[in-house]
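Common to both upcoming complexes is chain A, partnered first by chain B, then by chain C.
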Partner chain A sequence: MILSTIPTWFAARQFSARERYESLPMPKRGDEMWRFSNLKQLAFDEGTASSATIDPLDLLARSAGPEKSAAKLVFHRDELIHSEANLPAGVICMPLAQAIIEHSGLIEAHFMKQETRLGSAKYAALHEASVRNGVFVFVPDGIEVEGTIEVHHWNSGTAGLFPHTLIVTGRHAKVCVVDHFASADEEAGVVIALNDLAAGEGSKLDYIALQELNELSRMIQINQTKVARDASTIGFTLNTGAAWARNESLSRLEGPGGRSDMLSVSLPDHQQEYDQRTFQHHVAPGATSDLLFKNVLYGHSRTIFSGLIFVDEGAHHTDAYQTCRNLLKTDTCEANSMPGLEINADQVKCSHGSTTSQISDDEIFYLRARGIDPANARRLIARGFCIEAIQRLNHPELESFIIDRLERKFSRIAVTS
Partner chain B sequence: MSYDTLEALDHDTREAIDIDRTRGDFTFPERNKFDAGRGLTSATVDYISNVKNDPDWVRAFRHKALQVFLEKPMPTNWATKDLENIDFDVIRYYLSDGEKPKRSWDEVPADVLETFERLGIPQQERAFLAGVEAQFDSEAAYSNVKEELSKQGVIFVNSAEGLKEHEEIFRPWFGKVIPTGDNKFSALNSAVFSGGSFIYIPKGLKLKQPLQAYFRINSENFGQFERTLIIADEGSEVMYMEGCTAPKFETATLHSAVVELVALKGAKIQYVTVQNWSSNVFNLVTKRGIAMEDAEVRWIDCNIGSRLTMKYPGVIMKGRRARGEVISIALANNGQHQDTGAKMIHAADDTTSNVVSKSISVGEGRSTYRGQVLIPKHLKGCKNNTECDALLINSKSRTDTYPAITVKGNRHATQHEASVSQVSEEMLFYMQQRGIDEGHAMSLAVNGFINDLVREFPMEYSVELKRLIDLEMEGSVG
Partner chain C sequence: MSLQIINLHATLEDGTPILKGVNLEIPKGQVHAIMGPNGSGKSTLSKVIAGHESYVVTAGSVLQDGEELLEKSVDERSRDGIFLAFQYPSEVPGVSNANFIRAALQARLPKGEEIDAVAYYKSLYEKMDLLEMDRKFTARAVNEGFSGGEKKRNEILQMMMLDPQYGILDETDSGLDIDALKIVAKGVNAMRSPDRGLLLITHYQRLLDYIKPDVVHVMAEGKIVRSGGAELALELEENGYEFLKEPALA
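Our next item is the complex of A and B:
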């Protein structure tokens, strides 16, 4: 960004965020929000640019998305290397750096308005202070975007990257955005990403994050979703990459009839660690939230799931569900689950469930009896286990694309283990 | 529909689920010969040690624990801030009349006898108990076990007698299941403990009748810190039941017990609690059992009283095929917070644990379930099942669930389920259709919610439980 063109409000926000980042304490042992977490992963240093030569054309060629895309933006370390769009009139879809100048008022109204309450306030402040680019999508009242908007963020080197995604939908609008995070090299990158989703009345807002960074990288991804009356949102996260990834997802149901689906599939292997924290905040009565997280653990991997359904006083007729299922594939992996409820209203239907198990011998036997070898049988069952969450997207094209990304990880696991 | 809008129902409901705490609400003038005064210093610890004529190792144990207590912070990073309202400087840590526990009710001082008569303890002893210990403030007033059981080698004495007379059995396990530094309140108990039971059941002996302890607080601002150790030798079985009451004082009272259970190979211990402290008592207790090979430890727990209860009975399953279980009912009314749960530590192959917890929040009451399940590396065949159900009666009632489950390795199975609900309108409508008024229908529904767990309580104890919950609810249905 050219300094002189940055709106003063944004410069001021970044300045105060820097101060906040520096004054907030580091998470420490004993913090409930970081229970079971590996705090050593939070040591971030300055980092350097990549020593490898990165060819933008090569990255572009590797930026695959679902077949029908309405728009496609490709970034390498915040720098736009490709952009194409075929969107209905009135829809704004552009790099955040450009939007801050051209749509300053709109951005100011929506940019990072929710508090971070899942432990990463310090890193949200670092993101706010350091963000240089990302994507802004605005869909006006009554407009439906066909196809997906795909965004690719390529990282390289070891310096921090802070991509931001801001999506705002007007009344009865509809949009689906896919963020893809991947590494252009084999260095230990650091990505601290934040996505801000504001779903207007009666709108449909789907957001999919595919995390496929190299296995040396670390990532913090913070999601904040606001759901207005009768709006419906989906937040889906696929984790296959990174050495360590922390996801914090917060859905705030602000109007009756609102619905938030929170979905995730994670496939850690080797020493990978995924640390997921979720918050289903029912502010208004008569809203629904439904969470389904699936983890298949290989190698020496480790997962943490900590979820909370929080029903405010007066948020009657709330329907809130939370399910985390872990499939453990080796004797050396570890799954931690902390499914929580805090209910301050009656006339609610809330439940949570968490299970941890392995594939039963009967299931393997059944498939072997049909001529499928044990290795393939296990993979088939693991695939089926994950698909339940993917099918909730209710978007066949997107589903088959995500299953394809899943298969890539499965085949890597098959090769190495 | 919110029940707040229906005042008549609200009143009925309140009445239906309110329980009779008046029976425990009386007090006698204090006539303490020994009083450690207010506040806690190393002089307090020495005073208690002197009065109790502690052996040197116990005195050293107390002083070390005091240091741990002073150093440990309040666990308010996860627990309620209400803990900060405990003023450790006004609490009286030791009160007793200096009398030894009596073997016969006839020798018990008249006012103490009347206390326990009014609570129904001697009648129950005659009716169905194998032994009774009745504690009045810091010390037991009465302690007796049936003669034939003593002859068979059963030891049922208070903790002071246990550590002096039976040191060879007592000492190896004392403070081993719950180390002093386990938490701030186990350290506090270790520093100033007095009273509680020491029980030893010899090899192969299966007690047919339960043993009972009753804890009574009589004095204002008093802190009760009993310490119980139960050792069930190989193949033996015992059921232990505890009850407790205190009068309603204006000021806060502290109860902080430590209970350690040791079930050796093939033994079975069932520990039943009906907690009915008055609503000014902070009830912060640490309870844990260790189960060796093929052994079983069951905690059956009902929390109705107190201002704040924090209690998470635990089982460490140390031997193969050991089993741990926690069955828990909690009822939180206005001004009450029942913060209960369970801790299941699997430390051997093929161990199984089960947690079933039901809570009811009424008015502005708050109930919390906190659980921990740990299945560490390199074990196989461990299973855990956890179920927590919460019922909310009014719109200001509150319930929370915070479980934590850690599973390492792929040879285990765990499942956790929790639900929150209220009494459905259909259910009430159905009953009203049949001529039951709304308030009574509500109490029937509440009763049905916990009924399957009430049945888990031993028959004998349903005397107490029925009085506390069943009769109160069903009585209003008439």
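Our next item is the complex of A and C:
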């Protein structure tokens, strides 16, 4: 970005975010929101550019998405290397750096307006201070975008990358955005991403994050979703990559009749660690949130799930559900679950639960007795375990694309374990 | 050509003996039935033939057309033509019935060869029609939320699709009402062939009203104690298993 073109408000926000980042303390042992976390992963240094030669054409060729895309943007470390779109009139879909200049007012109204409540305020401040690009999607009232908007964020080197995704839907608008995070090289990258989703009245906003970074990388992903009256949102995260990934996901139900589906599928192997924190915040009465997280753990991997359903005073007739299911594939992996509930209203339907299990011998025997070898039997069962969350997308094309990404990880596990 | 069980002894992992010298031969083209009281070892026999790892074979042998079966893994046995219809089939959440059966068929093909999807579905639907199974069962997860009768029909469907040389049906009639029993019997009868041997394990005679066996065996305390024609089943139905005590003492 050329400095002179940045709106003053944005420059001021970045300046004060830097100060906030520097003044906020590091998370420490004993902080409830970092319970069981591996705090050593939070030591970020300046980092350097990649020593590998990155060919943009090669990245573009590797930027696969679901078949029907309404728009496709490909970035390598914030630099746009490809963009195509076939969108209805009035829809804005462009790099954030461009949008800050061309749609300054819209961005200012929505950019990072929610408080970070799940522990990463310091890293949200770092993101705000450091963000250089990302994507802005705006769908005006009554417009439905067919097909997905597909965004690829390629990282390389070890310097931090701070991609930002801001999606705003107008009344009765509809859009589905897929953010894809991957590594262009084999270096220990750091990605601190934040996505702001604001679903307007009666709109449908689906957001899918596919995290497939290399297994040396670290990532913090902060998701903040606002759901207006009668709006419906899906937030889905797939984790197969990175050495360490922390996902903080907050849904704020602001209008009656609103619905938020919070979904996640994670497949850690080796020493991978996924740290998942969620917050279902019912501000308005008569809204629904439904969370389903599925983790299949291999090798010496670890997961942490900490979820809170919080029903404000007056948010009567809330329906809120939270389920985390872990499937342990080895004796050396570790799944931690901390479901939570705080209800300050009447006539609410809330449930939370977590299960941790292993594949039963009987189930394996059944598949083997049909001729399926043990490795394939385990893979079929693990895949079946994940499917429930994927099918909640209710989008066959996207579902099969995600299943294909899962299969890639399963193949890698089959080869290495 | 037969499935030959010779002096088969098997114990639980803790050493408790269950099978104490079973001798049995099921030639291709025949249907045999094993009847016997609870705890006689009927289900154990079926699981040992299929290769269940909770049992230890301590002596004896099972020959499939002359070839030793006991040295093969569970999945190898299945691929080589042994089929067990389970008394209590497992549920496999998230794996659709159609994909499950397809994976089982795929496991029988050489590497790199793919199943022809059109031919596969044609064959699957034909068999489902015969078993009066609704098409929606292809998309449903294997056995999940199925009624007892639906699970048993699904076992027969799998047997029909996998076309085994020898099929063992472990209490396929239990938990079935009369209509479901007739449908299951229709499926099994459709599988009778000069190229296949079938072994029905059952507690009650009523299954044998619909699937007429060539030979009936009675099992007690881990052994075959009597064998005879189809009339033996009727005799058991009338007199119960009480008579077993006498020959056992003699």
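The working rule: the second predicted complex is superposed on the first by the 417 of 417 C-alpha atoms of A that agree within 3 Å, B and C clash if a C-alpha of one lies under 4 Å from a C-alpha of the other, contacts with A are read in each partner's own complex, and residues count from 1 in each chain.
Methods note: contacts are C-beta pairs under 8 Å (C-beta built on N, C-alpha and C of every residue); 3 or more make two chains touch, one makes a residue touch a chain.
Note that the structure is predicted; figures quoted are calculated from it, not measured.
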item: When both partners are placed on the shared chain, which of chain B and chain C touches more of chain A; value: B
item: Which superposed partner A:L24 touches (first chain B, second chain C, both, neither); value: neither
item: Chain B versus chain C as contact partner of A:I387, first or second or both or neither; value: second
item: Chain B versus chain C as contact partner of A:D362, first or second or both or neither; value: second
item: Which of chain B and chain C A:L328 touches, first, second, both or neither; value: first
item: First, second, both or neither for A:L42, with chain B first and chain C second; value: neither
item: Chain B versus chain C as contact partner of A:L60, first or second or both or neither; value: neither
item: Which superposed partner A:D373 touches (first chain B, second chain C, both, neither); value: second
item: First (chain B), second (chain C), both or neither touched by A:L80; value: neither
item: Contact footprint of chain B on chain A as seen in their complex; value: 30-32, 35-36, 313-314, 316, 326, 328-358
item: Chain B - residues contacting chain A, complex; value: 1-3, 77-78, 377-378, 390, 392-422
item: Contact set on chain C toward chain A in their complex; value: 50-54, 73-75, 78-79, 84, 86, 89-95, 99-101, 103-104, 107-108, 141, 158, 162
item: List of chain A residues in touch with chain C within their complex; value: 360-363, 365-374, 376-377, 380-381, 383-388
